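Presented below are the structures under discussion, each in the form of structure tokens.
Two complexes come next, and they have one chain in common, subunit A, joined by subunit B in the first and subunit C in the second.
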Partner chain A sequence: MAKYALKRILLLIPTIFLVCLIVFVLMRSIPGDAVDAIVTRMTKSGQTVDAEAVRVRLGLDKPWYEQFVIWLGQVCRGDLGDSFFQFQSVGDILWRQLPISLELGIITLILSNLISIPLGLFCAAKQDSIPDYTIRIIAVILMSIPMFWIATLILFYPAQWWGYAPPVVYVSFWKDPIQNLKMFLVPGILGALTQAGMQLRFVRTQVLDTLRQDYVRTAYSKGIKQKTVLFRHAFRNAMIPVITIIGGSVGALVGGNMILENIFNIPGIGTQMVTALGQRDYPVVQGCVLVMTVFVMLVNLIVDLAYKWIDPRVKFD
Partner chain B sequence: MQLLKDLFRKKTIGGICLVILILFLLVAIFADVIAPTPMVDGNLPMDVRAGLQKPFENPAHLLGTDRLGMDLLSYMIYGARTSVILCVCCTLLSTVLSLVIGVLSAVIGGWFDLIVQRIVDAFGCIPQMLLLLIMMAMMGNGIPQMIIALAVPSGIAGSRMVRSSAISVKDSGYCDNSDLLGGNVLWKAFKHVVPNIMPLIIISAAGSLGGVVMMEASMNFLGYGVAPGTPSWGALITGQGRELLFTAPWLCIVPGIAIALLTFCSSMFGDAIRDLLDPRLKGGVGSYNTKKLNKVLARLSRPSEAAAAEDVA
Partner chain C sequence: MAEVILEVKHLCEDSEMRAVDDMSYTVKKGECVAIIGESGSGKSVSALSLLKLIPYPPGVIKSGEVLFKSRDLMKLSNAELEEIRGNEISMIFQEPSTALNPVMSIGAQIEENILRHGAVEDKNLSPEQRETYKGMSIPQRARARAAELLALMDIPNPETRLRDYPFQFSGGMQQRAMIAMAMACNPDILIADEPTTALDVTVQAQVLEQMNRLRERFGTALIIITHNLGIVARYADSVKIVYGGKIVEDGDVVQVFRHPHHPYTIGLINAVPRLDLPPSRASRPIWPKSRPIPVPFPSGAGTQRKNAGRSARFSQRWSPVTPAPASTSRRP
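And now, the complex of A and B:
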């Protein structure tokens, strides 16, 4: 087990390196760079600046591979560099905004699991009944509605009709938990519904799949009640692949939901990355992607290791 | 043909969705003929003096107009063309890409497989939306750029599934025989492996059809989309739809429903195709089997009929 974990952790290194390299090269092949934006901004405020001097100061005058090596060296020493625009280090930006995205993600995750797992189980138990059909069609409808569209409608129409609008100024959870949760409630529910649509269908297939196994038939023929068979025999075995999917969404939630964060004005990582990309703020994008990748891969590793705990049959080689 | 027959007989809802998809396709192809006010030199005619018009008031503008007096129905019809082009091209391109990467990686194996898989893994770790936005920023706005930006990441992601199914096929007897007869790797890959994993490819292509329109609209919202002036449902919602939410709600609601309808039909169609082609999933996720439903309905209605009969008696 420990050997397996160590092997997996060692395998993370080349992948993380590749991710950094890909993002680094892609970012630098976007036309235009931060220098132009800075020069325009300075000239507007009446200062004269030398574009070349700015370029040298930001370290953008060197060829890209040299920049990559410098950046990599910095990262190895635990420094993610400074933002070109925000007079802050990328570490500070992440420290401030990552918890916000995480909070939204965790709310989404909890809600979507609360909806999808019981409903998926119910649908599988009542396969091909009218409630099953209704729930599944609703699930597909939820998946087909564009999130930004429904979010826009929800943000504006209740405000007009009933004078209700979710707060649009972010307050820290520790300062005012109620106000904070109010802000996250609507985007959390919206995100959860979309995700629940997908998860519900998956849970249902997995449970149906296990219900056809021999041990379930054996359990029934022993005269065990349907409820017990469903929860003790089918559900536990069906959860193994479902955990993989949940693990995948845990990884995704650290990236924040760019669209929901943008609409509801939540200052998370998603908003930050869209802005940074527009400004060609290389260090911010690279830092965010690096942290996310490490997080995603660690979560995947934990999920894989958790298999052993859920399913004692699993053996690592 | 047998597949189509089965689709309509066994999966009626999937069949209806296919009909709606074909309708979308026809609307896209014959946009110039159907549109009440066709494009002139690649632009939709406007009537600024007429301004905003509500739907169903003026028979010339059945769905109303936007702020510049542009007919919404014509805009929607040309928008369907954009969406259909994106859907078809993205799905084709990403399927071909995942097929080539996945099959070659599986069949060649060894170092090639190891390196390709590390790159595929790396792409899988980058948040998908960010990757799309970076690619759009790199190439600029426009339909061809959009096709590449949407298809390349999903093709790379899809190659994993193709690879795993190709690996399960490549060690079978007929592939070994191909080696013995001196067939080269490419021959083996595309003559023996590909035809055997074709059902899986069709399933995944049909399943990914719906996501394209949704992604296009979402990217439009974040400011990266088709070139300005190209009719697109997503662009309409993001632009005037959001600005005029209170004065002209139809500008936001109509394109949203169109996106949802197209995505819904694609997913239901994809589900039906998967049920028909994948024997493992019979009665699985999306089997909307009308025969069974009819049975249930019959069973449910029987007691009430009996009750009605008793009442009469």
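And now, the complex of A and C:
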């Protein structure tokens, strides 16, 4: 298993290289660049600047492949470069904002699993009953309504009716956990509900599928009670495909909540990405994408390794 | 004559079709009963019906009684049936590779049955067993008993094999583990639903030999559902031929095989290739027709008139040879 893990980690390198290359080229092929933005901004504030000097200063005068090699060299030395606009290194920005996104992601993940797995099991056990139908319909509604719309409503109506709105100033969890959770809970629940709708239906289908398997009949033929059969025999087998889905969502969580972060003014990596993209802040975008890629791939690796723990048939070679 | 342990009376099962139609038979203590029929004839469903293990919905036991120890299994509550399943009547299934839970160790699956029915609690042990298990906790006893069962089924290194998962066992070993599991509580009746279909011939023989040995040793009655006439001729005491959800011929093995009466039985016996006859004589007329499809006969004057001649001839020729009450007509 260690050998397999090592092999997978080594395989990360070419993938990451490719992702970086694509992002690097794509960023530079978007019309308009950082130099224009800086010149416009400085001219507005009454300064005269030489566009060419800025270009040289940012290293953008060289051909793209040379820039790429230079950037790659920096990354290999652990330096993700400096932001064009924020007077900060990309490393510092990520260090500050990645935990915020992770917190939101983890809250979403925990809530969505807490909702979807028990309810999915319940629906499968009570197949085609009224509660089953009700939960399934709610799940479809949650899946189909765009999250940003609900998010807007949630910001708007409570504020109008009760004068309540989630806090918009970020406070670190370690400084004031309650204030921090107050800010994260609403977007966390929203993200979780959308995720849970899909996941619940998936869990239900998987459990129903395993309940039809021969070994479940065997368990009943031994006189095992329905609840025990459900938890001991059906659940674990049903979880094998569910883990894949959960793994996929974990990967998406770091970067996937751009919309929620923006709506609720959470200074996470998603917000950062959107701003940086608008400003053509190449190093920040590249750094964010690099970190997300590594994270997604590591999570996938962990999920693959987790199969072994849940399914003894899995072999690594 | 040994006492009758199970009595099935007029059992009918309905789902989208009537798979079991008015079946009646008895099983005596320690007897080996074979239920033979082709695929789809209702033999498996009839076995599953005995313990109400048919998938519901859509399967429903329409009518009939299954008397076991003077109780009608069909009238018992689910909880009462659970006490009997795996304890007094247990089952083994056709495909051992799918009938065992792939993510649970063999040991855990056998112990589950032992613990469920408290087979290793003091009150359920014989004096000598009580001596062997002295000073052991219940889980330890269950583990020891599971190893004992695997050893009984000739699986080498039972203690270490208990920790294995089904995929680490060969097909024959999986089926033997299934039997060990089914025998864990010394049941009175073991229902084997095509126990050897998925196994190759030599392994089939071993598995059957072992089942037969267990039957002789523990006096367990055996209901074997199969379409393998070789098995029947070798092990069964009595045989029931099932055709279209009905028992069409019922009797002592020798008598049925020597003097088959029902056309289906004759066809069935003729279908077995004979190696002891010259090729010209070995090929005998085999069963020419497909089985009657067990759906209710369509109602309506038109269809009745159209089929009247055929169904009359059919029911005349194909009615069960053992006395059985008349039932609804069906498409030939």
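Miscellaneous remarks
As a working rule, the second predicted complex is superposed on the first by the 316 of 317 C-alpha atoms of A that agree within 3 Å, B and C clash if a C-alpha of one lies under 4 Å from a C-alpha of the other, contacts with A are read in each partner's own complex, and residues count from 1 in each chain.
By definition in this document, a residue touches a chain if its C-beta (ideal position, glycine included) is under 8 Å from a C-beta of that chain, and two chains touch if they have at least 3 such contacts.
Not measured: the values here are computed from a predicted model.
Taken together through their common subunit A, the two structures put subunit B and subunit C side by side without a clash. In the superposition on chain A, contact is made by A:Lys225 with subunit C only, not with subunit B. Of the two partner chains, subunit B is the only one touched by A:Leu153; subunit C is not.
Between subunit B and subunit C, the partner in contact with more residues of subunit A is B.
Look at A:Ile106: by the touch rule set out above, it reaches neither subunit B nor subunit C. Rounded to the nearest 10, the angle at the Cα centre of subunit A between subunit B and subunit C in the chain-A superposition is 70°. Look at A:Val274: by the touch rule set out above, it reaches subunit B but stays clear of subunit C. With both structures placed on the common chain, the touch criterion links A:His233 to subunit C but leaves subunit B unconnected. In the superposition on chain A, A:Gln213 contacts subunit C only, with no contact to subunit B. Here the smallest spacing between CA atoms of subunit B and those of subunit C, following superposition, is 9 Å. Shared interface residues of subunit A (contacting subunit B in one complex, subunit C in the other): none.
Looking at the complex, you find that subunit A touches subunit C at residues 212-215, 217-226, 232-233, 236-237, 240, 310-313. Residues of subunit A touching subunit B in their complex: 14-16, 18-19, 22-23, 26-27, 29-31, 127-130, 133, 136-137, 140-141, 143-150, 152-153, 156-157, 160, 201-202, 204-205, 208-209, 252, 255, 258-259, 262, 270, 273-274, 277-278, 285, 289, 292-293, 296-297.
Interface of subunit C with subunit A (complex): residues 51, 53, 55, 78, 81-87, 90-91, 93, 95, 98-105, 112-113, 116-117, 165, 167, 178, 181-182. Interface residues of subunit B, counted against subunit A in their complex, comprise 118-119, 121-123, 125-127, 129-131, 133-135, 137-138, 140, 210, 214, 217-218, 221-223, 234, 237-238, 241-242, 245-246, 252-253, 256, 259-261, 263-264, 267-268, 271, 281, 283-286, 288-289, 292-293, 296-297, 300.
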